[in-house]
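After this come two complexes, each holding subunit A, first together with subunit B and then together with subunit C.
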Partner chain A sequence: MRTGRAARTGQYAALLAYLVFLAFPFLWLVSTAFKPARELGSLHPTWIPKDPTLDNFRQAFDEQPLLQAALNSLVAALGAAVVAVLIATPMAYVMARHRTTLSRMATGWVVVSQAFPFVLVIIPLFLVLKNLRLINSMPGLIMVYVVWALPFALWMLVGYVRAVPAELEEAAAVDGAGKLRTLVSVTAPLLAPGIVATALFAFITAWNEFFFALVLLKTPEKQTLPVVLTHFIGAEGVADLGPLAAAAFLATLPSLVVFAVIQKRITGGMLAGAVKS
Partner chain B sequence: MRARRLITTLLLCLLAGGCTGDDTASDDGRVTLRFQSLAWQEESVAANKELVKEWNATHPDVKVEYVQGSWDSVHDQLLTSFEGGEAPDIIHDASDDLADFAYGGYLADLRELLPERLRSDIPERSWETTTFGDGIYGVPFLQEPRVLIANATWLRESGVRVPTPENPWTWAEFREVAEELSGDGRYGVAWPLKEPVSATLNLSLSAGGQLFHRDADGKVQVRFEAADAVVPKTVHDEVNSDGSASSTTLGMGGSDTLPGFFGGTYAMVPLGFSYRQQIVQQAPEGFDWQVLPAPAGADGLTQGVSPQTLSVAEDSPHKEEAAAFIDFLLRPENMVRLALGDWMLPTGTEALKDPALHTTEHDWATGTALAAHLRSAPAQSVRGYPEWKDKVATPAYQEYYSGAIDLDELRERLEDDGNLVLARYQR
Partner chain C sequence: MTLATATPKRPRPVKRRTSAGDGERRLLDHGAWFLVLPALIPILVLSVGPLLYGIALAFTDAQSGRTEPTRWIGTLNFQDLLHDTLFWDSFRIGLLWAVGVTVPQFLLGLGLALLLNQPLRLRWLARALAIIPWAMPEVVVGIMWRLVYNPDAGILNETIRDLGLGDGRDWLSGLATALPAVMVVGVWAGMPQTTVALLAGLQNTPRELHEAAAMDGAGAWRRFRTVTWPAIRPVALAITALNFIWNFNSFALVYVLTNGGPGGRTRLPMLFAYEEAFRYGQFGYAAAMGCVMVAVISIVLAFHLVGRLRRGGDA
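Showing the complex of A and B:
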């Protein structure tokens, strides 16, 4: 019993250490965002700014179109998440329920495709989008994000579909439900947490993506947040640290909010309704 | 059948969506130029935007659109834009990034496009930084020497001779002073050498180091000679023999050393002239600092620089208008505004005469006095230099500075491994 308590304490301590490890960069970012320039150059930095200021935020907004960039990022990320889920869900269902050599090969290809470096595809992609007149357009960027997120989204959803027992669909069929009714009333609710998790993955991937946005968007009004954040960095990696931290802090907020809102949907309701009462 | 119809509809929608893509062509026949600027500091961005505004106000037929780029990613972004035929008309970059673009045919040769006023205002040694083969592919307009930023109080109290551009320290003297200033856990100098190659090569010019030697057939060979060893040996010995330089700063960038500098751990830090802006912003109240010239060697205060440049894309349909805008941007009075915004030196001789660049405030005068000694960085036009730098020189210099290898091994690696890399680019 004593051993069990000690083990549990150790587990909590390890968990706490891990949480601190994860939270450290974000907390330091917040701290930096509120520090005046003189405190940023201190040899003995403090967690809590001695003389907190909003100057970094003011300067960040003065120098760069952060709101417009945030809006652009939001449109790109939401668009990518919605379209990726709409495409991936039926594909994942087919791949999970009809296991053939082709579907196994497709799954393998999906995994392999994740290893392609961005630079390998960017120039052909640029030319294709140029021919489609989709350079410097949000639909073009969303299309790229969807294509980029799709393999992993598909891979995730296949796992979720497989976790839904096929017997439930068979039982629905025995009860007289048609295929569509079974999918809508039985399978879809059970898949909801998986779909939400996949959407979240696609959203965050697109929200944080930098290289495609950098290359594909030409005009300042269309640039996304990660691109605009680099404007606070100068030659040889010298950074305007205060405004950069302030802007980066603001850039993390939407991701955190979206995650906080959606998180319940991921964890809650898993296999809810699987058992008939 | 239904699926096929759906796919067709989707493709049509996609193509229709494509029509919302960007099109910069103007209906009223007005020319629109895209100017991609890498300005990033508050004052610098403001100066660039104001100049664009002034141009637009006085040139109704040629509108310039300011596009913000970033130093961090400019090479990849430009390369993709060039390949896709979507490059900005006017391109801000650094001269050491231009070689591949110039040889690749992406940049316009500016010899016939630039007015005589601008050509003659900028000295030939600066034009050399943007001359590749027979052509000139960029206008060098801002540059900065590497200087020693020193803790003035510490220097005064130590009683050492304070160098001036007219009477600088020699490298040997610098080593002695650094040793004299160190002790009790404090160091005479902090060398931020996270990127050791360009700093070493550029400073080595003062001792007559060349490293890259061009043969009669135009091929470049690496030869590490005695003059090339002066600066590396000084750094190595300060770190490993004298203990007058901190070994921990070898892996740092310039900004990383500032807290230690402000905190009194280091007496001097070799940094670019523009770092003064960060020092003014971040130094504690009452912190007294000053700019000293970098030590001089057999070739005096000479050092290598890679100036900031303005180029015109070869694909631009409005090259003459783009060159006219560059000419406007680089008029002496405008060049001064850009220089002050970036805390750097203008290349133009007229701009350099401006009183604002000769004040003692923030030691502008010290830096301006060094302008005549700035030359093209040694590696400027060497094809294969980026690969040589990343794969051979960076690890070799890092290991030498940390004491892991000796001077002979440094020489061997720079020459033997280095020439193998360069040979691939010169077949």
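Showing the complex of A and C:
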């Protein structure tokens, strides 16, 4: 289609504005993370550190138990991802292949669960976990994360199961393969990429999660990375900018890398879910 | 694309109560229980159960660390809530925030999706960069923007000074500027997701339709109204409703950016309920707040569903 020169120029101007808006806060975070203390104190901050340093990173690790926090986040996110996918895959299979009352109810739950204000769920969960002595513990947090990641995991997985032609399963049955055999040797391999994408997505959601971790984890040595990051900001909102930026930058890297890998698949899964609702 | 395959048009099966052995009527097929139970039990125990328990708590005087047993107090919490001006202030702020973030997210997202659907150079870069806000932990987004808004060492005020527009200000502490400043962050954080969803919707629109409409002499606006919008409407409705709900329920961004200040100007309902429950230990009262929030969200969802039904349910 023909587009006038003026219109093209306008389009590029808009694109440029978008790129600047997207990129500048992140570039500023990176720049701040590598600035020595005296440059941060200067009245005229610059985009590029004149004297880049790793001091902020060292100081960040000294001030807060970042390594322990990263380890806690890793355990919580891995646990949530593995368990969520293990229990969601069979259920998603049933929801995709059998149109029963239960499948419809599960689909309804997936939609409604997006609308819960967490506060209405966290108070009773807090009370229940407290009675089970699971406050301030990883198993307690992982349990919450699994349920929290389930709606979206089911959502994505149902889409992936539907994409596997049922005829393939029928053909295997005709060839004499049992139900379990068909699932393991025909369906599972075709589903594998979708399962991996779902697991990675559950991993990121748990890695980034803040509210449940804030409520359920009490002591610094148990807390996850997002909670520990907020400790860099003092009670009066005063923050040591350099170490704060350094720690925040580090906490983002895993999500960015994982997300870059699966972004396309998530868009697909999200759309499938969103349009169906 | 999944979009097409995920919405199979199936006639809705009619429920029959008579003939036994009808698979459609059954709760679940035989033998499928062991596939479903591992997910079903945690859903019931850790999601549906707590939700109902939470609603029940709203009718009690439950508090943390109290020795007397919890009592039913009927609708007393809701009556108190009715007169709690602080809560209604936060509620108003919550609605203002949700609308003020969702609308720009949608309008800018739609504009960008239309833009990125054009054969432009550098649009790969825009898509690559869109990952940053989308994948970042909300806490980090908040921290990052605190660095941008910092009155002395922040890039925003420095840019304002460089452009000779004055000295800048302390954006997050100003009574008038705090909420708009936080809203900008909300838009920044949610726009890429909206854009990408709408873009995927656009790419499912057949190009030939556009060309045919152009051949018939339809202008850009006509083409948008008659070809583009009908094609992306389901995605647009869904993403807008979800954005509204997510924004209304948001917590981490404000917690990190302003912690509700200055003077409660950015105290979103979630923040208010969190403080009530976990700082002051008022579990019952906070649960009542949660119920009121659910009611609002249900209204939004209801409007959303009505919008869908009016189109004859083909969305």
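We take it that the second predicted complex is superposed on the first by the 210 of 277 C-alpha atoms of A that agree within 3 Å, B and C clash if a C-alpha of one lies under 4 Å from a C-alpha of the other, contacts with A are read in each partner's own complex, and residues count from 1 in each chain.
Keep this in mind: a contact is a pair of C-beta atoms (placed from the backbone, for glycine too) under 8 Å apart; a residue touches a chain by one contact, two chains touch by 3 or more.
What you see is a predicted model; the values in this text were computed from it and never measured.
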item: Partner chain(s) touched by A:M143 [first = subunit B, second = subunit C, both, neither]; value: both
item: Which superposed partner A:L40 touches (first subunit B, second subunit C, both, neither); value: both
item: Subunit B versus subunit C as contact partner of A:I233, first or second or both or neither; value: both
item: Partner chain in contact with A:F211 - subunit B first, subunit C second, else both or neither; value: both
item: Contacts of A:I123 with subunit B and subunit C, given as first, second, both or neither; value: both
item: Which partner, subunit B or subunit C, touches more subunit A residues; value: C
item: First (subunit B), second (subunit C), both or neither touched by A:V184; value: neither
item: Partner chain(s) touched by A:L253 [first = subunit B, second = subunit C, both, neither]; value: neither
item: Subunit B and subunit C contact sites that coincide on subunit A, given as residue numbers; value: 40-45, 119, 122-123, 126-127, 143, 210-211, 214-215, 230, 232-233, 237, 239, 241
item: Subunit A contact footprint on subunit B (complex, rising order); value: 14-15, 17-23, 34, 38, 40-42, 45, 65-68, 70-73, 76-77, 80-81, 83-86, 88, 94, 195, 253-255, 258-260, 262-263, 265, 272, 275, 278, 281-285
item: Of all residues in subunit A, those that touch subunit B in their complex; value: 37-38, 40-45, 59, 62-64, 119, 122-123, 126-127, 130, 132-137, 139-140, 143, 210-211, 214-215, 218-220, 222-223, 227-228, 230-241
item: Residues of subunit A defined as touching subunit C within the complex; value: 1, 3, 11-12, 14-15, 18-19, 21-26, 28-29, 32, 40-45, 47, 86-88, 90-91, 93-94, 98-102, 106, 109, 113-128, 143-144, 146-147, 150, 154, 159, 162-163, 204, 207-208, 210-211, 214-215, 225-226, 229-230, 232-233, 237, 239, 241, 244-245, 248, 251-252, 255-256, 258-260, 263, 267-277
item: List of subunit C residues in touch with subunit A within their complex; value: 1-3, 5-8, 10, 13, 23-29, 32, 34-36, 38-40, 42-43, 46-51, 53-55, 57, 62, 111-112, 115-116, 118, 120, 122-123, 125-126, 128-140, 143-148, 150, 152-155, 158, 161, 188, 192-193, 196-197, 200-201, 210-211, 214, 234-235, 238-239, 242, 245-246, 248-249, 251-252, 255-256, 259, 261, 269-270, 273-274, 277-278, 283, 286-287, 289-291, 293-294, 297-298, 301, 315
